[in-house]
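In the two complexes below, subunit A is the common chain; its partner is subunit B in one and subunit C in the other.
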Partner chain A sequence: MLRGLRGIVEDIGGGVVFMGQVLSVALFKPCSFRSISEQIVKVTEQSWLTTAVAGFFVGAIMTVQFSLQIQQFGALGYLGGLATSGTIREVGPLLIAFMLSGKVGAFTSAELGTMRVTEQIDAIRCLGANPIQEIILPRWLGIVCSSFFLLAVGLMMSIGGGLLMGMFFSGISMQEYVRHIPTIVTSFSILSGLFKCLVFAMVLASICTYKGYTATGGARGVGRAVVNTAVATMVAIVIADWVTSVFSDVALRIVLGD
Partner chain B sequence: MIRFDKVKKSFGPKEVLKGISFSVKKGEILFILGTSGTGKSVLLKNLVGLLRPTSGEIWIDGQEVSHLTEEEYLPVRRRCGMVFQHPALFDSLSVYENVAFGLRRHFSDLKESQIREKVMESLNLVHLNGIESKRPQEISYGMQKRVSLARTLAVGPEVLLFDEPTTGLDPITTNAINQLIQELSHKLQTTSIVVSHDMHCALDIADRVIVLDQGHIVEEGDVEHLKQSSHPLVRDFLQEALSAERA
Partner chain C sequence: MVEALGRKLILVGQEVHDFASLLVSAFWSSLTPPFRLRETLQQLSFVAWESAPVVLLSVSFAAAVTIMEASFHMKIVVQNDSLVPGFAALLILRELGVVVTALLVTSRVGAGYAAEVGSMQITEQVEALKMLGIHPIRYLLVPRLYASILGLMILTVVANMVCIYVAMLVSQWSLGYSSGSFLMAMRAFVGLQDLLFSVIKAGVFGAVIPIYSIFFGLRCRAGAEGVGLATTSAVVATSVTIIILDFILSYIFSFFY
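Let's look at the complex of A and B:
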C-alpha cells in the first residue's frame, strides 16, 4: 500500500519535472511550426471519425434523457437548449477527452515508448538534437490544438444527433428544437466548454508523452506504459473535470456578483 | 585519448560498474567483452553522456566530461559517434533524411548540396548505394544497421562507439560489419570502442581487449595476451570462439 502510494507520488513528481522541461523548451527552443502542424493533422485524422460518430450518439442520448424528464413538465420546447447546453458545457469536452485518451493517448505513448526502448531517443541526443524539442513538444501541442478541432466536430454532430432524436423520438419540430438554444447556451457555457477542453487535452498530452518518454524494459515496458497511460488519463480527466466544474461555478458566481 | 578513472555507476541499489579504469589510445580498436548485463553498454553510454557516472571521472583529450551539462556535451557527441545495438533509425524519415539528421543538427550552416554530398559519401563508405529514398522498414535489418553506421559517420566523428554491432545478424553480414569496422578505422583513422560478446570477432580485428565481469575488468590486453589468460570467463569465451570457427 505504502509502496504503491510512493510510486504514485514519484510518478507525479517525475511528471511535473518533465512538464517543466517541456515548458522550458517551449519558451526558449520552440519546435518548428511544420512539425506541430504535422501532428495536428495526424491526431485529427486519427480521431475525427470516431469523435463524430460518438458525438452524434451522445447528442441523441442527451436528448432522450432530457426528453423523458421534461416531458412531465410540459417543457419540451426547452429540449434543444438544455441538451445542447449540457453537451457544450460538460459532455462534449469530456467525450473528446475520452476519445483522445483511447486513440491518441495510447498511440502516442506506444510510439514514444517504442522510440525509447529501440534507442531512437538516445540516437536523437547523440546526433545533437533535443528529444523534447524534436518529438515531445510537437506531439504535446498537436494533441492540445487538435482537441479543439475535434471538439467542434463532436459538438456539431451531437447537435445533429440531438436534433434528429428530438424530431423522431420526442416529436418536436426543428424550429422548436433550436428556438431556445441561443437563450440557454450562453457565451459562458461555450467558454466553460472550451476551458474544459483545453485542460483535459493538456492533462492527456502531458500524461501520454511522459509515460511514453519514460518507458523502460522492452516490449513489456511499452505495453505497461500504454496501460498506465490509459488508466492515468481516465482518472486524471475525471479529477480535472471536477476541478474545472468547481472553478467554472466559482467564476460564474463572481461574474453574476453572487 | 580516452580515459576512464574509477568510474562507478549505480541504478538504485544495484551497482553496475564498480570502479572501472582503463584508457584507449588514438586510432586503436578496443573490444569490451562480457556476458549480458555486465555493464558494457552502460560504459559506452557514460562516455557520450546518455548516462552519468555515480562517481569517478571520464577524460577525453584532456577534458573531464562527466560533469558537463547537456548543452556542453554537444561537441563531445559530435566527436564521439555512437552506433546503437538497435539500428535506431527514424521510421518516419527516408534513409537519406536519417543520414542527414545529425548533419542538420550539428552543422546548421551546411548548404543542402553539402549535406547531399556528405550523405552520399557516408552511404558509400558502408557500401550502400541507391537506397536513399527508401524507408527503414523497406530494407533488411543488416542494411538498417549499416545505415545507422552511415548516419554516425556522416557527422565525421573521431571516435566510433559500437554497441553490439553484430547482434541479430547472420554470419555473413556479421563478417561484413566486422570488416567494415576495421576498414573504417584504417581509412578514417578513427578510434573505435566495440562492445560485444563475440570473441571470434574480437580475435579478428581488435588491437586490444577488455573483459568485463560483474562490473569489474577481469582481463585486459592484446589478443595474444588474451589467448594466454587463465581466467575462467575468458577461457569460456575463447572456447566458444574456437567452436564457432570449427563449425
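Let's look at the complex of A and C:
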C-alpha cells in the first residue's frame, strides 16, 4: 500500500520534471515544423476511424438513454437539445478520449519504450543531439494537435449519431430534433466541451511520452509501460474531467456575474 | 486490381474463420470439464481485486461530474433541479457505472492478457503447450473468461454503489439535498431491474475482454513490436466492441422498462 503510494508520488514528480524539460526545450530550442506535421499526419491517419465510430455510437447511446427518461415527462421535444448538450459537455469527450488513449497512448508509449530499451535514445544523445528536442517534443505537440482535432470530429459525429437515433428510435422528426439544440446548447457549452478536449489531449500526450521515455527492463518493461500508460491515462482523464467541470462551472458563474 | 482485392478478401475471410473457430472452441471448452478452479480464482483476484482501487477512484470522479452536469441541464430546461438525484442515479446505473468500469478494466486487464499471451506465443510456449497435448484455448482462455465475466459483474455492482454514494455526497455539499431526500427522489426513478440490466451488460463486456485479448495475443508475430501491436489492437478492438454492444444492449433493454 505504502509502496504503491510512493510509486504514484514518484511518477507524478517525475512527470512534472519531464514536462518542465519539454517546456524549456519548446521555448528555447524548438523542433522543426516539418517533424511536428509528420506526427500529426501519422496520429490522425491511424485513429480517425476509431474516433469517428466511437463518437457516432456515444451520441446514439446518449439519445436512447435520454429519450427513455424524457418520455416519462412527455417532453420529447427537448430530446435533441438535452442529448446533444449532455454529449458535448460531458460524456462525449470522456468516452472518446478513452478510445483515443487506448489507441494513440498505447502506440506512442510502445514506440518510445522500444526506442529506449534498444538504446536508440542513447544513440541520439551520443550523436550530440537532444532526444527531447528530436523525438519527444514533435510527438507531444503532434499528439496534442491531432487528438484535439480528432476529439472535436468525434463530438461532431456524436451529434450525427444522436440525430439518427432520435429519428429511428424515438420517432421524432429531424426538424423537431434540431429545433431545441440552439436553445439548450449555448456557445459556452461548446467552448467548455472543446476546452475539455484540449485538456484531455494534453494529459494523454504527456503521460504516454513520459511513460515511454522512462521505460526500463527489456521487452517486458515495454509491455509494463504500455499497460501503465493506459491505466494512468484513463484515471488522469477522469480526474481532469472533474477538474475542468468545476473550472467551467466557476467560469460560467463569473461570466454571468452571480 | 482484382487480384489485390481477392487477396485482401481471402485474408479477411481467414481472420473471420480464425475468430469464429476461437469462439466455437471457447464455447465448447468452457462448458466441459476439467475446470481449473484454482487458476480461475487467481485470475479473479487479478481482474476484480487488483483493479478495484483504480476503478473505484475513477468512477467516483465520474459520478461527481455527472451529478453536476445533470443539475446544470435541469436548471436550463425545467428551471429547478429537484429531479437531479433521480436523473443522476438513473444515468449512473444504466450507463456510466458499467461502461466506465468495463473500459478501465479493458485497458488494464485486456492489455495485460494480450501482452502475456503474446509473449507466450513469440517465445513458443503456446507451441510447447500444444506439444504436451494441452489445448491452448482451454488452458489459457477458459479460466480468464470465467474470471473476467464474474469479476466485471462484481466490480460493476460495487462501482454502482460507490458512484451513488459519491453522487449523494456531492449533492449534499454542492446542491443542498439531504441524503434522505436524495434517496427518496432516487427511489422514484430506479428499480431493481436497472441494477440487473447493468450486471447483465457487465457480464457481456466481461466475456468480450479476454476473447479479443487472447485472439490478438495468439496471432502475435515476431519480436517486441509484435507484442506492442497485439496489445494495442486488443485494447482498441475491445473498447469499440464494448461501445457498440452497449448501444445494442441499451436498445434491447429499452423494451423491458
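Just so we're on the same page, the second predicted complex is superposed on the first by the 258 of 258 C-alpha atoms of A that agree within 3 Å, B and C clash if a C-alpha of one lies under 4 Å from a C-alpha of the other, contacts with A are read in each partner's own complex, and residues count from 1 in each chain.
We take it that a residue touches a chain if its C-beta (ideal position, glycine included) is under 8 Å from a C-beta of that chain, and two chains touch if they have at least 3 such contacts.
The shown structure was predicted, so the numbers you read here are calculated from the model rather than taken from an experiment.
Colleague: Could you tell me if A:249 is touching subunit B, subunit C, both of them or neither one (first, second, both, neither)?
Modeller: second
Colleague: Is A:53 touching the first partner subunit B, the second partner subunit C, both, or neither of them?
Modeller: Only subunit C is touched by A:53; subunit B is not.
Colleague: Kindly classify A:86 by the partners it touches after superposition: subunit B alone (first), subunit C alone (second), both, or neither?
Modeller: After superposing on A, A:86 lies in contact with subunit C but is clear of subunit B.
Colleague: Let me test your reading of the model: by the given contact rule, A:125 touches which partner, first (subunit B), second (subunit C), both or neither?
Modeller: The answer is first: A:125 touches subunit B but not subunit C.
Colleague: Is the number of subunit A residues in contact higher for subunit B or for subunit C?
Modeller: C
Colleague: Applying the document's definition of touch, where does A:220 land relative to subunit B and subunit C: first, second, both, or neither?
Modeller: After superposition on chain A, A:220 lies in contact with subunit C alone.
Colleague: Of the residues on subunit A, which ones does subunit B touch that subunit C also touches?
Modeller: The overlap between the subunit B and subunit C interfaces on subunit A is empty, containing no residue.
Colleague: Quick check: in the complex, which residue numbers of subunit A touch subunit B?
Modeller: 118-120, 122-123, 125-130
Colleague: In the complex, go through subunit B and note every residue touching subunit A.
Modeller: Checking each residue of subunit B against subunit A gives 45, 48-50, 70, 74, 77-78, 81-82, 84-86, 88-90, 101-102, 105-106, 148, 151-152, 155.
Colleague: Give the list of subunit A residues in touch with subunit C in this complex.
Modeller: 50, 53-54, 57-58, 60-61, 64-65, 68-69, 75, 78, 81-82, 85-86, 89-91, 94-95, 98-99, 101-103, 106-107, 110-111, 113-114, 117, 169, 184, 219-220, 222-223, 226-227, 230-231, 233-235, 238-239, 241-242, 245-246, 249
Colleague: Within the complex, which stretch of subunit C touches subunit A?
Modeller: Its residues touching subunit A are 54, 57-59, 61-62, 64-66, 68-69, 72-73, 76-77, 87, 90-91, 94-96, 99-100, 103-104, 106-108, 111-112, 115, 119, 189, 223-225, 227-229, 231-232, 235-236, 239-240, 243-244, 246-247, 250-251, 254, 257.
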